[in-house]
Amino acid sequence: MEKLITLWEGSGLYNLELGQAVMILVGLGLLYLAIYKKFEPLLLVPIGFGGILANIPEAGLAISALDQAIHVANPAVLQQMASTLGATLDPLASVEAWRETLVYLVNDGASPDQLRAARDVATNVGYSDGLLYVFYSLAITTGIAPLIIFMGVGAMTDFGPLLANPRTLFLGAAAQFGIFATVFGAVGMSAMGWMDFSINQAAAIGIIGGADGPTSIYVSSMLAPELLGAIAVAAYAYMALVPLIQPPIMRLLTTKKEREIAMTQLRPVSKLEKIVFPLLLLVLVALFLPDAAPLLGMFCFGNLMRECGVVERLTDTAQNALINIVTIVLGLAVGSKLMAESFLALETLGIMGLGIVAFGIGTSAGVLMAKLMNLVSRMPINPLIGAAGVSAVPMAARVANKVGLESNPHNFLLMHAMGPNVAGVIGSAVAAGVMIKYLG
Amino acid sequence: MQDTELLHEGLALMGLGMGFVFVFLTVLVISVTLMSKLIGRFQPAPVASPARGKSVKSSASKEADDEVLAVISAAVHRYRSSRRR
Amino acid sequence: MEKLITLWEGSGLYNLELGQAVMILVGLGLLYLAIYKKFEPLLLVPIGFGGILANIPEAGLAISALDQAIHVANPAVLQQMASTLGATLDPLASVEAWRETLVYLVNDGASPDQLRAARDVATNVGYSDGLLYVFYSLAITTGIAPLIIFMGVGAMTDFGPLLANPRTLFLGAAAQFGIFATVFGAVGMSAMGWMDFSINQAAAIGIIGGADGPTSIYVSSMLAPELLGAIAVAAYAYMALVPLIQPPIMRLLTTKKEREIAMTQLRPVSKLEKIVFPLLLLVLVALFLPDAAPLLGMFCFGNLMRECGVVERLTDTAQNALINIVTIVLGLAVGSKLMAESFLALETLGIMGLGIVAFGIGTSAGVLMAKLMNLVSRMPINPLIGAAGVSAVPMAARVANKVGLESNPHNFLLMHAMGPNVAGVIGSAVAAGVMIKYLG
Amino acid sequence: MQDTELLHEGLALMGLGMGFVFVFLTVLVISVTLMSKLIGRFQPAPVASPARGKSVKSSASKEADDEVLAVISAAVHRYRSSRRR
Amino acid sequence: MEKLITLWEGSGLYNLELGQAVMILVGLGLLYLAIYKKFEPLLLVPIGFGGILANIPEAGLAISALDQAIHVANPAVLQQMASTLGATLDPLASVEAWRETLVYLVNDGASPDQLRAARDVATNVGYSDGLLYVFYSLAITTGIAPLIIFMGVGAMTDFGPLLANPRTLFLGAAAQFGIFATVFGAVGMSAMGWMDFSINQAAAIGIIGGADGPTSIYVSSMLAPELLGAIAVAAYAYMALVPLIQPPIMRLLTTKKEREIAMTQLRPVSKLEKIVFPLLLLVLVALFLPDAAPLLGMFCFGNLMRECGVVERLTDTAQNALINIVTIVLGLAVGSKLMAESFLALETLGIMGLGIVAFGIGTSAGVLMAKLMNLVSRMPINPLIGAAGVSAVPMAARVANKVGLESNPHNFLLMHAMGPNVAGVIGSAVAAGVMIKYLG
Amino acid sequence: MQDTELLHEGLALMGLGMGFVFVFLTVLVISVTLMSKLIGRFQPAPVASPARGKSVKSSASKEADDEVLAVISAAVHRYRSSRRR
């Protein structure tokens, strides 16, 4: 009978907190978007599922052995942990109060040595790190997962259109205004007292406007890991929404005539140029912005493997088995940050709101930059391809193509839009480097 | 952090960040243009390059190709014999 | 000359202990079964080979740097380690006695801090963790390997037949009686004084009856890691023996008439049902048995990836590259537990004996449950498919089909048996959760 | 642990475990049946679903398909020209 | 303005040291050799690129969090670290002097406990391990990467020609003389005062003559990690140069008549022999040289998977996805050792010089051994295949075939040369084991 | 380490190392020869072995083969229909 009570008291239903229930619904919602609305399913299926796993009451899949022990261990173990943390627990207080004291000690007061000792206590009595916590530690805290994915993206990227028309790099630069305007927006909301974002958090939020999943995850894991869940969800969701967000802005900022501009055919690009480009980019990064070196270095590595043509085995693995394995692990690890206490906050709404603004401003800046370039240059640029500068490869380029076809059914902009599109990837990685430089 | 200080921080980050992004990509545009010109001068026929690229590939991945060929021919053979059955 | 002596004294032949020689033969025997008898070769080839590697004298492939140092380091290092462990070594005792003292201290007396310090001594003088030990720590202690394999199994499982006839879940439930009967058998043997199993060990042994490799490994790594080698070997060996173990029992418990029962054709199952099923199962696990969440969560994740149809890249990787890589690592890591001192014990014989009993009882319970269901329900069930409830996917279902064809050459039971077959996977994961809940 | 206590532990685990397994799977049977009925009501044609599934797939994996097609056609082409040699 | 100065002072150009600039050029040179000269591109592309990444100023991709903090942290953090290391920094000295003091303390004076504490300080203020450092720790320090690659090589090796003519093992033995002659050469250079190699370093350099990348990396990671970068580069570069290095030596040491010797066709080898061979080799290693067990054990494991024919899934993964993933990680990790302070030393020139001598001596020894065998045995051996005994699979065997065809266009030696070729792999792994035994 | 001592170390390592390599590979040659003879005696027809090997493989990798066959046949079918278009 006693055992039956243990079973019931250990069940999810008995322990389910409202926040967890809501987060499970949020996870199911993400899965719905991923599966039925095709919102970046490769990432949102694992993230959504990971979010559900992270919120299963008592399972502790997303927390460390130490947190798990604090949350569910018996009073004797709690006292032992408190003593290793150099504190004594008030014998008159409730066990719940003890747990809260320990949470406070672990997060604020304890030295690394004490934490190690407390962790030893927890593992000695049989608690272990949750699977998603292990994934997070291995894949995201070390930076390995986003960087490997960026390498794979590099191995899938063709810089040909960019090399044929290097000026499109300016479009990729302009579209990063979405990032910095959002940073300013976020600090503005905090200054207004609406939200409470630090400058680091504002920077991590801003990078959503870079429309690059791995870059967003990398930056927020360094500057604001507590917001990583919301930021990753916003980044991937809005990337999927690019076909809805961008066209109205593009139409608003351009005349029909501008949208009909036909662009001169791109010159063929030699193999050698494609091989030299990633090395050139790498050297510039090395000289001017070492803080972007992990991101752009791995990106250039992937691209060099692709273009050099002598390591097809490795390129194939970087584009397939490796990126897929890392995507599964990364997705589940990001899902581990979809825990109620951190996700169900006003800040998440702020992030979602700011994220969409970031996309809009980035799109506008790209389009306006293209119009500006038309003023100063002879070679005509269709301003629609400026919108592709936000990256969201290859979605934004396809959107530019589609909107262009609406105005002129014979005007295929896809290849022209691929230039600013991949330039946007470089642009946001550079922006990420600047932010890490100042705030990291 | 005080509110105005935070705003200043944000503004500084915006100016500096956008500035740096533009400077960096401008340098990249210049470098890429120079690089393409240099390459174009020393190796003037980009038309030839696909062919060259191909021959490089064909020598580099010769074995892989042979393997694929073997697999495919075996598969096609099997497919045919299975249809005959 | 002195060097030649060192060479000889460091050779395997000089140091070979009888137990190691026997274990190398055991490893060769497992390879024979795997290669020539096709006993689950995907696992038994790596396990058998790992077993041989683990028993190479002096190589220390399966032990930690600390254990290796205790085993082979010179007296000065031993004294240094002893002092970090807070002990002094008797200067009159032999070096062999010192080593024994250190083994005792490390396993019983030392605090985590002292162990860390002793380990530092060992690595400082150049000892390092053996490869199989590293694999075990990374893949099994963290739980990653069995869970990733379970994800891959989920990605390969079609729940269609189960969804078409959900009642077959009862067969999968009944067959788990093999697990619990075996637990009782194991504690019975201990109560009789024949063996000396703790309740945790009994539970880990019982789970062999679940006929699911990853579940067995996961549970025994948590409840009785010292028995993991024997349990994994028993689990995979008996799974391979299913075509020999089951048919006589199935024939004994059924009449020819029962074996000839034809089952109504399964209804088609919609895509949507297949997508919702893993989520439904996950939610039930979350609500009622959080301790099964790691196992069933990853299983459902794999299955959702398979059925949702929008992440084929990931499904393919989960079914191939990822599961294969993890299988190699897991197999070698399991092999590291085939060391003489733990494997060549009476307990291993007990485990092998109990394992076969577990399979037999599970089979019987499944068949009898099917007969019981025939008493209370109109829709006829061929009792042979009850035997598939032990899981051992898809072997047990094929056995049911084959035995059925013997009685009626036109009665194809395979699809009908797949329902209880996959239900058995769920059933044993649930049983695993209950055991971890109470004993973990 | 004393022998009888161990036996009791084992017996308790057996009863509780089997009980829980049955209860859980019963709940699952009921949930699945309800789920199937619900889905059957709102989306009555399971016959249509394979077709739908296929179309979903064909759009989702269109690119992959095209690639495969390209690879295969190249391979077949190579195979044929190699046979001519 | 102040921020602009920070940006400039944090840029690569401001911090670029001459050594780093040179090493970036070295990295580009390696990429040139890999891409345009096809020098073992699968390894040299990642190694060369990793070398560039490791030398990006301020990025710290190849160093630990602790080293990174010592290198760039502000004075307050430096003082905190010094206090955990039990030292005080001279308040009158410059910050640069403080950094040097800390470097000295970390490398020489500090205990493991103090290092852990200093590391805690560094991570607490936000420094983290560089990506390549993480790769090195995970892949090379543990030995996992070279061993997994060796497993993949085993899975790709066909021992048929060796089994058909086991005497060719003697050729593989003789060619290892290149290894030991080089060791003696290296200690000779030190005795002459030209270089300053320890015996361990000499052994690690000698193993270049084994012409086996993973073996070289494994041995030097154990005996002389500080030379790993130069040794790996030399090993792979010279392997690529085998078609240039070997033919003149082969022609010099043989008469035209000898080069024309036709060899009797190899007998067919049964499947069973191929299955038993890796097990036989493993047992001999276990009995006589346990220190070679990690290398040859994993090699035999790969080969057994290949030959047993029942685990094709695993063989395929070992030959493709797994070996490719590990190659990428290993290459980048090796690149992390191409740092200026260790690579731009006279020793590197010595290593490059000794490496080519090693190849030459190994080739000669193989050829001469074949001639010797012709004196004592009836069955004729073409001495050219002796050169294949250095391994460098399958390059050296192809060279033997090509040189043979020059003398006699109908004499195909390829299959005959594969025997000594794979024997060379076993031979150098045995040599590696002997060295680790004495010096490890 | 003194120079001469280092030289001695090197020399000793050379002698011992080469010696051990030869002894080990000699033992291997003997073992392999014995093994081949033993196997030849008990399973006298190496000619039969490829056939046997094949049948082993064909049973073991039957499923994989079928899959490959299915993929290829689908691909060929697609390729043909696409050419008709």
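We just call them A, B, C, D, E and F in the order they show up, numbering each chain from 1.
Please note the rule applied: contacts are C-beta pairs under 8 Å (C-beta built on N, C-alpha and C of every residue); 3 or more make two chains touch, one makes a residue touch a chain.
Per UniProt, the chains are A, C, E = Oxaloacetate decarboxylase beta chain; B, D, F = Probable oxaloacetate decarboxylase gamma chain.
Bear in mind the structure is a predicted one, so any value in this text is a computation, not a measurement.
Ranked by how far their CA centres sit from the centre of chain A, the chains are topped by F.
Comparing mean CA positions across the assembly, the chain most remote from chain D is E. Chain B and chain C, compared by their mean Cα positions, are separated by 45 Å. For this pair, chain C with chain E, the centres built from the Cα atoms lie 37 Å apart.
Under the contact definition stated at the top, the residues of chain E that touch 2 or more other chains are 3, 7, 38, 41, 288-289, 309-310, 313, 321, 325, 434, 438. Among the residues of chain F, those in touch with two or more other chains are 16, 20, 60, 72, 76.
Looking at the complex, you find that chain A touches chain D at residues 3-4, 7, 38. Those residues of chain F that touch chain E in the complex are listed here as 1, 3-4, 6-7, 9-11, 13-14, 16-18, 20-22, 24-29, 31-33, 35-36, 39-40, 43, 46-47, 49-50, 52-53, 56-57, 60-61, 64. Chain contact summary for the complex, chain A toward chain C: residues 3, 6-7, 10-13, 15-16, 24, 28, 31, 34-35, 38, 41-42, 45-46, 49, 52-53, 55-59, 61, 117, 120, 124, 126, 128-131, 134, 320-321, 324-325, 327-328, 332.
Chain contact summary for the complex, chain E toward chain C: residues 111-113, 141-144, 147, 275, 279, 282-283, 285-291, 293-294, 297-298, 300-301, 304-305, 308-311, 313-314, 316-318, 321-322, 325, 434, 437-438, 440. The part of chain C that touches chain D in the complex is made up of residues 162-163, 166-167, 169-170, 172-173, 176-177, 179-181, 183-184, 186-188, 190-191, 193, 198-199, 202-203, 267-273, 276-277, 280-281, 284, 288-289, 309-310, 312-313, 423, 426-427, 430-431, 434-435, 438-439.
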